[in-house]
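By written order: A, B, C and D. Residues from 1 in each chain.
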Amino acid sequence: MSEGDTLLYLDGVTVTFDGFRALNALSLVLEQGEMRAVIGPNGAGKTTMMDVITGKTRPDTGKVMFGKDTDLTRLDEPAIASLGIGRKFQKPTVFEPHTVWDNLLLALAGDRAPRFTLFARQTADEKRRIEQILETTRLTDVRHRAAADLSHGQKQWLEIGMLLAQEPQLLLVDEPVAGMTDAETEQTAVLLREINRTRSVVVVEHDMAFVRALDVKVTVLNEGSVLAEGPIDLVSDDPKVIEVYLGR
Amino acid sequence: MSQDETSLSRRGLGRLGVAAATLAAFGAVEAKTSEPAAAQPTGGTIKVGILHSLSGTMAISETTLKDVMLMLIEQQNAKGGLLGKKLEAVVVDPASNWPLFAEKARQLISVDKVAAVFGCWTSVSRKSVLPVFEELNNILFYPVQYEGQECSRNVFYTGAAPNQQAIPAVDYLRNESKVKRWVLAGTDYVYPRTTNQILEAYLKSLGVAQDDIMINYTPFGHSDWQNIVASIKNFGSAGKKTAVVSTINGDANVPFYKELGNQGIKATDIPVVAFSVGEEELAGIDTKPLIGHLAAWNYFESVETPQNRKFVATWKKFTKNPKRTTNDPMEAHYIGFNMWIKAVEKAGTTDPDAVIDAAIGVAVPNLSGGYAAMMPNHHITKPVLIGEIQGNGQFSIVSQTPGLVVAQEWSPYVADTKDLIGDWRAPMRCGAFNVKTGTCTAGKKV
Amino acid sequence: MKLDRAAILTIVLVFGAALVMAALNQMTPPASAMHVPTYVIALAGKYLCFAMLALAVDLVWGFAGILSLGHAAFFALGGYAMGMYLMRQIGDRGVYGNPNLPDFMVFLGWKQLPWYWHGFEWFGFAMLMVVLVPGVLAAVFGWLAFRSRVTGVYLSIITQALTYALLLAFFRNDMGFGGNNGMTDFKAILGFNIQADSTRSALLVISALFLCGQFLLARFVVGSRFGKILIAVRDTESRTRFLGYRPESYKLVVWVLSAVMAGIGGALYVPQVGIINPSEFAPGNSIEAVIWVAVGGRGTLVGAILGAILVNFGKTWFTSVLPELWLYALGAMFILVTLFLPRGVVGLFRRRSRLEPEPEVPAASAAQEVTG
Amino acid sequence: MLRLLALLLLLLCGPLVAHADDPLAELASGSFDTVRQGVEDLAQSGNPNAAKILSALQNGQLYYLPDHTLLIQADDGSYANAITGKAVSDDDAEARSVRINNSIRSVLDAALGSLRLFDPNPSVRLNAAGAVFDAHQPAAIPALDRALAKETDSAVKTRMQQARAAAVLSDPGAAQDARLAAVPVLRARGDEAARGVLASVADQPGPVGAAAKAAVASIDRVLQLWSLAQSVYYGISLGSVLLLAAAGLAITFGVMGVINMAHGEMVMLGAYTTFVVQQVMHAYVPSLYGGSLLVAIPMAFLVAGLIGVVIERSLIRWLYGRPLETLLATWGLSLVLQQVVRSLFGADNRNVTTPDWMSGATQLGGLTLTWNRTYIILFAFLVMAALMAALRYTPLGLRMRAVTQNRRMAAAMGIRTPWIDALTFGLGSGVAGIAGVALSQIDNVSPNLGQGYIIDSFMVVVFGGVGNLWGTTLGALTLGIVNKFLEPIAGAVLGKIVVLVLLILFVQRNPRGMFPLKGRAVEA
C-alpha cells in the first residue's frame, strides 16, 4: 500500500501522568477506509490513545499525523474535530436537554462560528440530511423527544448519528455496545459496517463477540504499547495476548 | 425552542398574570394608602423620620443614634409633645446602602410625611439624600463631624466643621507637647482628605516644612497596620517631637490602636489625636495601652455638668444598660432635636419653610455647660474639647476652648472656597455667597 | 422568533405598567386617588434597572452555566460612565461654580480635568462608553478566563476578585472618580431637569423600553442555534468541543453581551437614584443579583425579571415595616427558596422545560465521566 | 538625716499652710502645670515617699482633699494619707483625683525612672533605665552615675550607659568630649529610639553634629536591611491571619465542596465566644483570667463546630451536588447569623482583652516582633499541623478522606456517610471558630467581622488549590508576603489591587490553583 493511503499515523507516542506511563512509545498506522478494532485490558491506554488523537491530551513525545501532513499534536479539540475526526464516548454523551433533532442539527457539518450560528436558520438541505441520519440510526420516531428521555441504546445510536452528521473522515468509537441488548449489539455492528463503507473507523471494545462480528484487523494494546496486531483469529491465538487479556 | 415545551400551562398563566398584575398595581395601591395622609397631614401626631443604618457596616455607629432619637422623642412626649400633638418616630433602615438612603429619605418625606428627618452618618449618605431634601423641601439634621464645604438650606449641620475640631487639636499639640513633626493618617475618603488638606495648609502657614508632614491614606476597614505603624515609628525617630493626627474611620481604629499599643508607641512618645474615635469606639478596645492618646470632640461623656450627668443617667436607664456610653454625635442629636422643637414652637407650625426660617438664631443648652446657637450658615456653635484616653474607656478632658467656636462651612484654606460664606437669612438666602464678587454661586433658594 | 404567551405577557406588563404609572403621575393632580407619586416612579425605575442586571446574570448563569459573582461590576461601570456624563452636565451649576471641573475635583484641589474625563460632556460619547467599558473589560477578562478553561467555582471566585479589585480601585480618591462619595447632585440629563417629575416618568418608560428590548434580545439569543449550542456547552462542554465548536467563543460572546446589558442597566439606574459610588462594586451586590435570579427561576429570563422586582420590592417593604428584623426575613427567604423552590417562583407556575438547567447542576460531572 | 528631712516636709505640708514651693502642695493643686512642677520637685527632693506617691499618681490612685492633703487610694477603694499611711475615713466624697496629662506623664516616667534605678529588682531597674533613656534629660545624669557605680547586671548596665549617653548628648552644656563619646554608644544601640536622639543633635554645628549625622546614616543603613526582614515577618504574619481565616474553609469548601458563604460568620461566632468566655471568667474566676484565651479555643471550636453540624444537618445536606445553590443558601444564612449576633450583643464592637503575655513586643536584632502576631503565627501553624494530622491519622480523618474520594464505596464499606459529612462540616466550622479566637486579638469583634475575611479566604483556598491543605498554607503565606512587599511601594490600597489582579491572572494560567487536586470540590 502506498504512503498516500495512510490516514492516521501514530509514531512513538508517550504519555505520562504523574510518573505513570499511560502510553509507551505507541505506534499505529491506519489506512484510508479501514476499520480497526482496538482491544486491551483495563489501563492498557485505549482511552488515552483516543484522547491523544482528538487533542484532549498532549503527548510528551511522539508524532500523530493525520492525512499527509497534519500534525495533530499541535491542534486542539475543535480544530481536530473540524478536520474530520469524530469521537464517540464510552458513556453516551449527547445534549440531554435538546431533542434528537436538535442534537443532530448541532452536529451537522457546517460553520461553527458564533456569528454564523447566531443567525443561522435551518435549511432544506440540513433538514434532508438530518432525516437521512435519523433513518440510518432508526431514530425517526423519537426525533422530537428530548435526548434525556431516550433509552440507553438509543442514546448510543444518537451519538453515532451525531458523528455521522459531522461527516468525519475518521470515527473513533469507544465501547459502542456497552450495556446494549444482544439485538441492539447486532444492529450496531451492522451500522458500523455501513458507516465503514465511506469512512475509516477505530472501535475500542471489550466485547469479543462484537469484535468477532465486525471481522476486521485487531490491535491489542497492553501497558501503553502494541502487543499484537492482525486478524482476530490470529491475535486470539497469540500466547502473549491470551496471557494478558483473554486468558485472565 | 419548541412551543409546547416552555409555554405556560393555562392555570399557571392565570396565576402568573395575577401575581404580575398585583405587582404592577402596587404603585396605585401605594398612592391610595398614602392619600388620606396627604389630606389630613399627620392625624394628631407629628412624625419625625429617623434615617440611620441598623444593619450593614455603619450599623455599628448609627444604631445608637436611632436609640437616642427614640429616647428624646419619648421624653418630649412625656413633656406633652409638640404644638399639642404627640411626636411619632418613623424608623427605617437604609442598611448602609447609599442609594437606599436616598430612597428611604424620599419615602419618609413623601409617603410618611415626616416633619423633619434626623439621620445619616457618612458623608456619602448625606450627599446621597441631599438632592432629595432639596427637591422635596424638607429638613435634615445631620449630627456628625464632617468635612464642611457644604451649606444646604435644607440641612442643619449639628456636627463639627473642620475648624471646630481639627485646628484646635493641632494647636493643643503644638503648645502643650511641642510637636514639630506631623503624621496625618486617614481613611481614604472625603472627610480625612479635606481635613488633612486644611491641616496641611494650616501647618505650612505656621512654618512646618513639607518634610515634617507625612500623609497616609488607608482603605475602609483596614486591619493590618503593621508596616504603617512601623513607618510612623520610623518617621518619629527624626529627633523632633512627632504626633499623629488620625482621621481613621470606624472599624479600622481598633486594629490600629492594638498595633500601636503592641509596637510600644506610647502617648508620651508619639501622641495620636483622633477625630473619629469616641466612647463607643473605645468600648471595643482594651484602653490600658492607649492611656494618654487624644481625641478632639465637642462633647465627652466625662463632661462634668449637671445637664450631662442627667443625660447620661437617662440614657443608661432608657437603654437598660449601665454600660452604654454616650458620645459626641449623640449630643449633636440632643442639640439638634431641641433646636427643632424650639424652632417649631417659634414658627407655630411644622411647615419646613417656616421652621427653616425660625431655626436660625435658636439657642439651646448643650451638655458641656454652655449654649449652642444655630448660625445663619445652618451650623452650630460649639466648644472644642481635647480629651486623653483613660484606662476605663473614658476621656479625661485636658483642654477646652475658652469660648464657643463658630463653624467655617467653607474652608479658608481651599482656594476655590476661601471667599464663600453661607447665609440663609433673608435677604441673602444663599448657601455659597462669594464676598469678593458679590454673587451667589450655588444653593440659591428664592 | 416565536414568542410564547409568557414572554408577551411579560413585555405587556412591564412596558404597560411603566407607561400607565408614568401617565398617571403626569396627568393626574397629586390629590387624585389615581395619582402615582414620584416616590413610586423612582422606585419602579430602580427595580427595572435591577431587572436588567438580573436578566444579564440569567443569560450567563442560566444558559451558559457561568456563575458570575461580579456582574454588579459591569452594572456599576455603566453607571459610572453615565455618572461622568451627568457630572459634566452640571457645568457651572456646581457648588463652586467651576465650569470645567466636577465639584469633588475642585474640593480635592485638582487643577485640570484628567484625560479620561474628556469626551464625557457629549451624550453620544458617554453612551458609547456605557457599552464599551463593560464590554471591553468583559472581553478581556472573558478571553483570558475562557481560553484557559477556567470554570465553575474557580471562575466564580475570580469574578468576585475582579469586582473586589474594582471596588478598591474606585474607592481611591486618586483615581479621579470621586472616591467613596462617588458622584451625586446631578442637575440635568440632555438638558432636562433630572429632578422633574416628567424626567423621572420619562426615565421610567425608557427603562421599561430597554428592559423589554433586552428581554427580546436575550430571547432571540437563547432561541437561536447559538443558544442551543450555549445550553449544550452549559451541560456537556467537552462534547461540544469534540463536535468542533469552540465553547470559549460562545461563552465570550454571551459574556460580553451580558456585560453590556448590565452596563446599560447601570447607566439607567444612576439618573434615577441620583448617585453612583464604589459600593455598587461590593461583592455582596453581585451575589444579591444572583439571588434575584434564583428566586425568580434560573434559565427562564422571565424569572430573572420577576425575581429582581420581587426581592427588591421585599427589601423596600421590609426595611420600612421591619427595620430591625428585615435581614432575618430576607435571609430566610433566600434559604427557603433554595431549599424548597429550586426552580424559583416561575417554577411554581410552569411545567418543567428540558431547556432549563437541572437544579443539580450536572455540567461538570458529565464532563468528568467523559474523561474517565 | 533623712528622717529629719521627712519630718520637716511633714511640717511644711501642714493642713492649712500650702507653700508654693512645696512639691506635695503642688501635686494637690489641680492645675496641670503646677502638678508637673510638683512631680519634678518631688523627684529632686529626696522625699522617701516620693516613689510611692509618684507611682500612685501614675496609676491614677493619687487623690487630694480641699485642704491639699494627699491621699492614696488602695486597690479596695479605701484612702490612706499619702505621707503617714494612716487610713482616712469618710473623706471620699471630697477627695478628688490628681489628674495628669501627657506632659506630666513624661515627666513622671522620667522621675520614677530615676528613682527606680536603685530598685533591688533588676528588671525594674532595666525598665527604669529605659524610661530615663526615653526622657534623656541631663538632670538624670547624677542619678545614672550613682546607679552605674553600683550596677552589677550587665544588661541593666548597658541600658543605663545608653541612657546616660542620651542624656549627655542631649545636654548642649556638656563637654564636647563627653558628647562625642556618647555617639558610638547610641550608634551601637542602633534602634529607632537611638536614631531619634542622635538625629535631634545632628543639625548642630561642630564635631558632635557631624558625628551624630554619620551615626544616623549608619543606623539607617542597618535599619534598611532589617526592614526587609521585617517585611517578611509582616508578610508571614498577614499570611498566618489569612491562613487561619481560610483553614476552616479549606475543609468545608476545599474538601467537601460546599461554597460556604457563612464561613466568615463562623469566625465571627468564635470571636464572640471568646468575648463571652472572658466575661464569664472575669465574673467568676478572675484569678484565671490570664488564661481565658486558652479556655476560649476549645469553647470556640465546640460552639462553632456544633452550629456547623446543625447547619449541615438542617440545610447543607439537602443541597449536596448543587454547590452554587449552597452558595445562595449560606449567603442567606450569613445575613441571619449577623443579625442574630447584632440582636444579642448589639451592633457595636465588643471588647476582647489581650492577656499580658500577648501584649507588647520583643526585639530580635532589628526586628520588632509583636507578641500577639508572633503567637498568631505559631498558632496558625499549629492549627494547620493539627488539622493535617487529624485528617491523616485519626479514624474520623480516614473516613472523611474515604467519603471524599469515593462516597459510594465508602458507604458500601459501612461508613455512615451522612454523619461523616456532618462531622466534616463541623470540623471546618470549628476551625473557623478557632480562627475567631485569634482574630479577636487583632481586629474588631463586631457582627461584621466575618465579612472582612470571606473574600480573602476564598482567594487563598482557590489560589492554593482546592482540597489541598499544603496548598492553602503556602497560598496564604505567598499572598501575605507579596502583599506586604507591595504595600510600601504601591500603598495599602493599590497593593491589594495589584495582588488581586495578579491572582486573577494566576488562576487564568493555572485554573486549578498552585496545587491542583482531584476531588468532589473540583466539579462545580
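Simple rule for what comes next: contacts are C-beta pairs under 8 Å (C-beta built on N, C-alpha and C of every residue); 3 or more make two chains touch, one makes a residue touch a chain.
Please read all numbers here as calculations on a predicted model, not as lab measurements.
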If I average the CA coordinates per chain, which chain comes out farthest from subunit A? B
More contacting C-beta pairs: A-C or B-C? The answer is B-C
Just by CA atoms, which chain is the most central one? C
Could you state the distance in Å from the CA-based centre of subunit A to that of subunit C? 44
Per the C-alpha means, the centres of subunit A and subunit B lie apart by a whole-Å value of 72
Between subunit B and subunit C, what's the gap in Å when you average each chain's C-alpha atoms? 32
Centroid distance [mean C-alpha coordinates] between subunit D and subunit A, Å: 66
Residues of subunit D whose C-beta touches two or more other chains: 338-339, 493, 496
Multi-chain touching residues of subunit C, meaning two or more other chains, are 168, 171-172, 324, 327, 354-355
Within the complex, which stretch of subunit B touches subunit C? 1, 3, 5-9, 12-13, 15-17, 19-21, 23-28, 30-32, 34-35, 38-39, 54-55, 91-95, 97-100, 102-104, 106-107, 110-111, 122-124, 127-128, 130-132, 135, 149-150, 188-190, 193-194, 197, 217, 219-220, 414-417, 431-432, 441-443
Touching residues of subunit C toward subunit A in the complex: what are they? 221, 224-226, 228-229, 231-232, 235-236, 238-246, 249-250, 253, 354-356, 366, 369-372
Subunit C residues touching subunit B - in the complex, by the definition given at the top: 2, 4-6, 9-10, 13, 16-17, 20-21, 24, 30-31, 33-44, 46, 93-98, 104, 106-109, 168, 171-173, 179-182, 184-186, 195, 222-223, 227, 273-275, 277, 279, 306, 309-310, 313, 316, 319-320, 323-324, 326-327, 345-346, 348-351, 353-355
In their shared complex, subunit C is touched by residues of subunit A numbered 47, 51, 54, 56, 76-78, 81-82, 86-87, 89-91, 93-98, 102, 105-107, 112-114, 117-120, 146, 148, 162, 166
Looking at the complex, which residues from subunit D come into contact with subunit B? 32, 60, 99, 101-103, 105-106, 109, 134, 192-193, 195-202, 223, 227, 230-231, 234, 237-238, 241, 338-339, 342, 346-354, 359-361, 368, 370-373, 441-448, 451-452, 484, 487-488, 491-493, 496
